[in-house]
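Okay, got some structures for you below.
The following pair of complexes shares a single chain, chain A, combined with chain B in the former and chain C in the latter.
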Partner chain A sequence: MMRRVAIVEVALSPAGESADNYLDQVYRVCREVLDKAGITREDVGTVVSASSDVFHGGVSCANAYYWDSGAAFLKNGTRQDGESLLAFSYAVMRILTGHYDTALVLGLCKGSENPDNDMITHFFTDPFYQRPLGLNETVAAGLQMRAYLEHSGTTEEQCARVVVKNLGNALRNPNAHRKGRLDVDTVLRSPKVMDPLKELECAPKSEGFVALLLASEDKAKKLTKRPVWFRGFGSSMDFFYLGDRDMGSGVLAQAAKRAYDMAGIRDPVKEIHVAEVTEPYAFQELLWYEGLGFCGPGEGGKFLDTGATAPEGSLPVNPSGGVLAANPYVSRGLCRLAEVTLQIRGQAGERQVDREVETGLAHGTHGFAGQFHAVAVVGA
Partner chain B sequence: MARAVAVVGVGQTRYGNRSEMTYPDLVREGVQAAFADAGLGPEDVDGVVFGTMPSMMEGVAMTHFYFADALRAVGKPLMKTETCGTTGMSLAITGYYWVASGMADVVLVVGSEKMHEGDSQATMSTVAEPFFFRPFTSGAPGIFSMLAQMWMDRHGIPEDKARDAAARVSVDHHRDALDNPYAHIKKAVTMEEVKGAPVIVYPSRLWDICPNSDGACAVIFACEEKVKKMSGKPAWVKGIGFCGDEYWFGDSDKVSWDGARETARQAYEMAGIRDPLKELDVAEIYNPFTYVELQHYECFGFCEAGTAPDRVLDGTFSRGGELPCDPSGGVLCSNPIGATALVRVAEAALQVTGRAGERQVEGARLALSHGLGGVAQFNGIMILGAEQ
Partner chain C sequence: MITRDKKGNPILEAEARIPYELALGPTVHRFFEGFKQRKILGTRCHACGRVLVPARSFCPRCFVDMNEWVEVSQEGRVLSWAVTNYEYFGMPTKPPFIQSLILLGGTDCGFMHLIGGVDLSDVDRVGRIVKTGMTVRAVWRESRTGCIMDIQHFAPVD
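Up next is the complex of A and B:
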């Protein structure tokens, strides 16, 4: 019999550029989450963080740098690099074994202190074939968007509507980095970045410090009246070279199936009540709807047009504004999970969705055109 | 609750300058060796854990993308664990938890490094933050030399005696590496050669210091139910420990070294070990420098504080001694950093399953493997045993 694991508390930093240093920002979210739960650092069993090195942080082995500020001094801890939702799943594993009753999960990214994401992601390329081409995540996204539009018949207007929705949602999110009351024409007229991608369809580069306190069932019930339970997790990795892949479908459906199977979800569009997805490029939100099984293949644009994913819809997606509104590259997956947690607890303030939320989904992706996907399902 | 977990296969590449092949090919060599050893294929694996040193080391960021195919990870769940020099041990611990938690039954764990394609000491200098620390921190030798000097001073160990003991460690390991087909440095050295070698950072001399190696290591972990269906001998995970201490080097005491001691305490408690010297049969200590190996003997309770030189010189930790350490030649003779601590796990697994060839410690049933990383900030331990 598996133990149950719950998210007890969350803390999220604002996503705009901060004058505070990295260590202060780490400390602040740790302090906040422990204070909310009414426990001290000594009560924390293990610390699992997510961060990245040199390019994303300016230091190598970033986990060394923030170890003490991240509440991990003289504790058993570890770190995931790349996709921060993995830190969540790893902390869940640690509690499931019974070795720990509490785990602190951290996602850390100080976007304002490092180069553009395009520069950083350029270094994901192999040095021989791809790097001389100048490939980076935005170039890959441009290629993927073109393929998606052609194969699915999705229109550029539908893609632009994702921006209108998400940046509009961000107006109600005090942590958002970018927000605005836009119309489709404004998005379509914004400068072309990597045809057919437009500037407003690409996420900014943001800061994001996020902490979640996890606990075993017994412990969680002592620490909070509103635990949010872990229900399922899945991830999947795709081929490295874009030419080896089907960029119009990819491995998100595999990751989602693993999470749904674990959570016992058979009809996600009915059983998921809110989703926060990682859409660094607007069209990807539509493509991810399809991968997550919210609609059929090629129907992402139509699904958006039904209004289902608006805050007042049946399955609101990115009520926080999503990654288009705030993009701390490494920690963005955990930020999604923190937002979903707030929605389930009814603590999302002005961005609280209209419908009742019992089950939520958080999605993270990194790498070119969604090379890696992770999906977490949590519930009341 | 935690399920029983065992190592069911290990794969190592030959360590050294592997400029004859690309980095993904090197990773693939280690992965295929582990599959062959376990009698499994990629289709039998539920997930892949991968990690290396930071991206500066090889000029490619987030190498799990680049290596997805070589790792046979396409279509599979993956975890990317990195904790600096302890990466290899943190990888093994990730594999353990993935299986022990019931979230996977069989997990492939891979670590790698291709150090001839980068500048390891420049990379390590960037582990130090840019304002206070980096201007006076230059790579690993300086840090470990400070450790050695603090340790000798604190315990009043005569420098000559410490020098002799460290030289003995070097002589032993270089001889041991001759028996290890994967080892990078294969050269027997004498006490005189070690003690007369050029000083790199005092008191460390050339033969006190590990090489830069290319290499990959892969270890397959499986749950009890799967292990029972396999024909090979399993190496059961008996204990794990991991601990990090202060980031700021000046704040920490690396002689009493609370982090190293706490790591061992966790692992011994889980494994039910009370007297490590008596109960352990072999240990693979993460020893990039001879002097730090001596310190770990003390921190891990193999001997009293300040007595490591005596125990080394009386042969306690040599082949044939009471607790042979690093019969593989250790980190001192092969150091592909992202893989290095995982190599310690692989060697421990080979020892307790009686498959370590010429370097086999007779009758080994319980083995300790160790990883060390950060600016001497992190320690990790995994104890493997022949019995469940």
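Up next is the complex of A and C:
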């Protein structure tokens, strides 16, 4: 790679409901990240934002709405809809062209003011076949969970343990939306909204305003003592119709391989030291362990049981509490990346993991049952 | 209208109705015309040999035209299922109900539809009746308009 790109600063909003309006919240995280880096708006080379038109926030042409709140007035920038981690990859590429020394990456979502995710994701469907049948993200997750359990032998208790771990981790995260010291029985006894899925296994809808300042190698070394370097990125998209897919495995492995190949990672379970993954439904964290190569196919539940993914484990996953603790639908992938950045810099506060962290992984997913996956690898 | 949320903060309650006119295209239209005659039609890919339902104009894997139409079985094997027990926007019927993916005879992909004709009075006991791998058969409505709900549901075959 000719040039290197680093994350030099991040800013994250709390995930619970704020009385502020959208534009003020956009401004606040951008202001914070510029102030931390000690640069002005004029120093920002390009801006890439991740947001959603119409359904999240009720405003069409959303970037026109928030562009000046995002420090982007007159900037040569762009906007990403769908998985927010793509905005990171586009900003990295803009710097790699040599035309920009800095890039501001924004992920914007005010879930508290939106309809339920089930209503919004209902419109992810085609209008003729799947929509009249009432498909939405939770229905797809229910179908995927049963396929996964029966295909892999993973137990409902193991899925519930993901909730216990992540909401427990969230107790140490002041930004988390949902947190608690739960036990497996409480999760299993929560209402079955979409049998086999229980209510506590489904993520809430949250706020998430996140800003990351990226810089070229020379610039990064001037702006921070602790740059977090871009190392690899990969993505993959499965077939649209659920019935065309292999629901029990999916396409995360392809996205992970692309990211690992770019980053030169051969043995992820040893070389990745912390991961933040997007698990809007608890069982998905176990399935994603498999796709990310942290364990073999069908072994996600067993891998959790070893304790490896606990905050004190060898490969902590979602020390922030993950998406079960805070689910800003549109920006959650970038929130994962900001959390990983804080872990690598040793700035994660009470949620800092026990082990030393040099290399971290952020994962985002969009669409039904993991239709799209993005994986980013970054390191000290 | 400016109101207050649960915490007493001022909010604007907003709602939009946005009308569309969505084209079916010839392949989707022919598939649903088949429903009027109680037929489930798929298309076969000449490259991979798979038969997909609903019928497609192209194979998403091989990326070639699919223009060989075949009528597929109205019976199939349940690949996965979930019992919905909450009300939501766009639900196909009042809960509880069962959504599923079904591998119809003569096809090579899951077909999404409802499973019905099952006692749902105690949702915790549905798992004693509905099993992955069980055989189900299409139950047609008497009055059909050429849409996915012309099939009322798939019912277990004894």
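Everything that follows uses one rule, which is that the second predicted complex is superposed on the first by the 379 of 380 C-alpha atoms of A that agree within 3 Å, B and C clash if a C-alpha of one lies under 4 Å from a C-alpha of the other, contacts with A are read in each partner's own complex, and residues count from 1 in each chain.
FYI, contacts are C-beta pairs under 8 Å (C-beta built on N, C-alpha and C of every residue); 3 or more make two chains touch, one makes a residue touch a chain.
In this text the structure is predicted, and so the values were computed from the model without any measurement.
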Chain B versus chain C as contact partner of A:T78, first or second or both or neither: first
Partner chain in contact with A:S89 - chain B first, chain C second, else both or neither: first
Which of chain B and chain C A:G367 touches, first, second, both or neither: first
Partner chain(s) touched by A:P115 [first = chain B, second = chain C, both, neither]: second
Touching partner for A:L135 - first (chain B), second (chain C), both, neither: second
Partner chain in contact with A:D183 - chain B first, chain C second, else both or neither: neither
Partner touching more residues of chain A, whether chain B or chain C: B
Partner chain in contact with A:M237 - chain B first, chain C second, else both or neither: first
Partner chain in contact with A:D261 - chain B first, chain C second, else both or neither: neither
First (chain B), second (chain C), both or neither touched by A:L197: second
Common interface residues of chain A - those touching chain B in one complex and chain C in the other: 58, 127-128, 239-240, 244
Chain A - residues contacting chain B, complex: 2-3, 52-55, 58-61, 63-68, 72-83, 86, 89-90, 92-94, 96-99, 120-121, 123-128, 233-240, 244, 251, 254-255, 258, 366-368, 371-372
Residues on chain A engaged by chain C in the complex (per definition of touch): 17, 19, 58, 113, 115-116, 118-119, 122, 127-136, 138-139, 142-147, 150, 191-197, 239-245, 247
Footprint of chain A on chain B - complex, ascending: 1-3, 22, 24, 48, 51, 53-56, 59-62, 64-69, 73-84, 90, 93-94, 97-98, 100-103, 123-124, 126-130, 241-248, 258-259, 262, 266, 373-375, 377-378
Residue numbers on chain C that touch chain A, as the complex places them: 5, 7, 9, 11, 14, 16, 22, 24, 28, 32, 52-54, 60-61, 79-86, 88-93, 99-101, 109-114, 123-124, 126-127, 132, 147-149
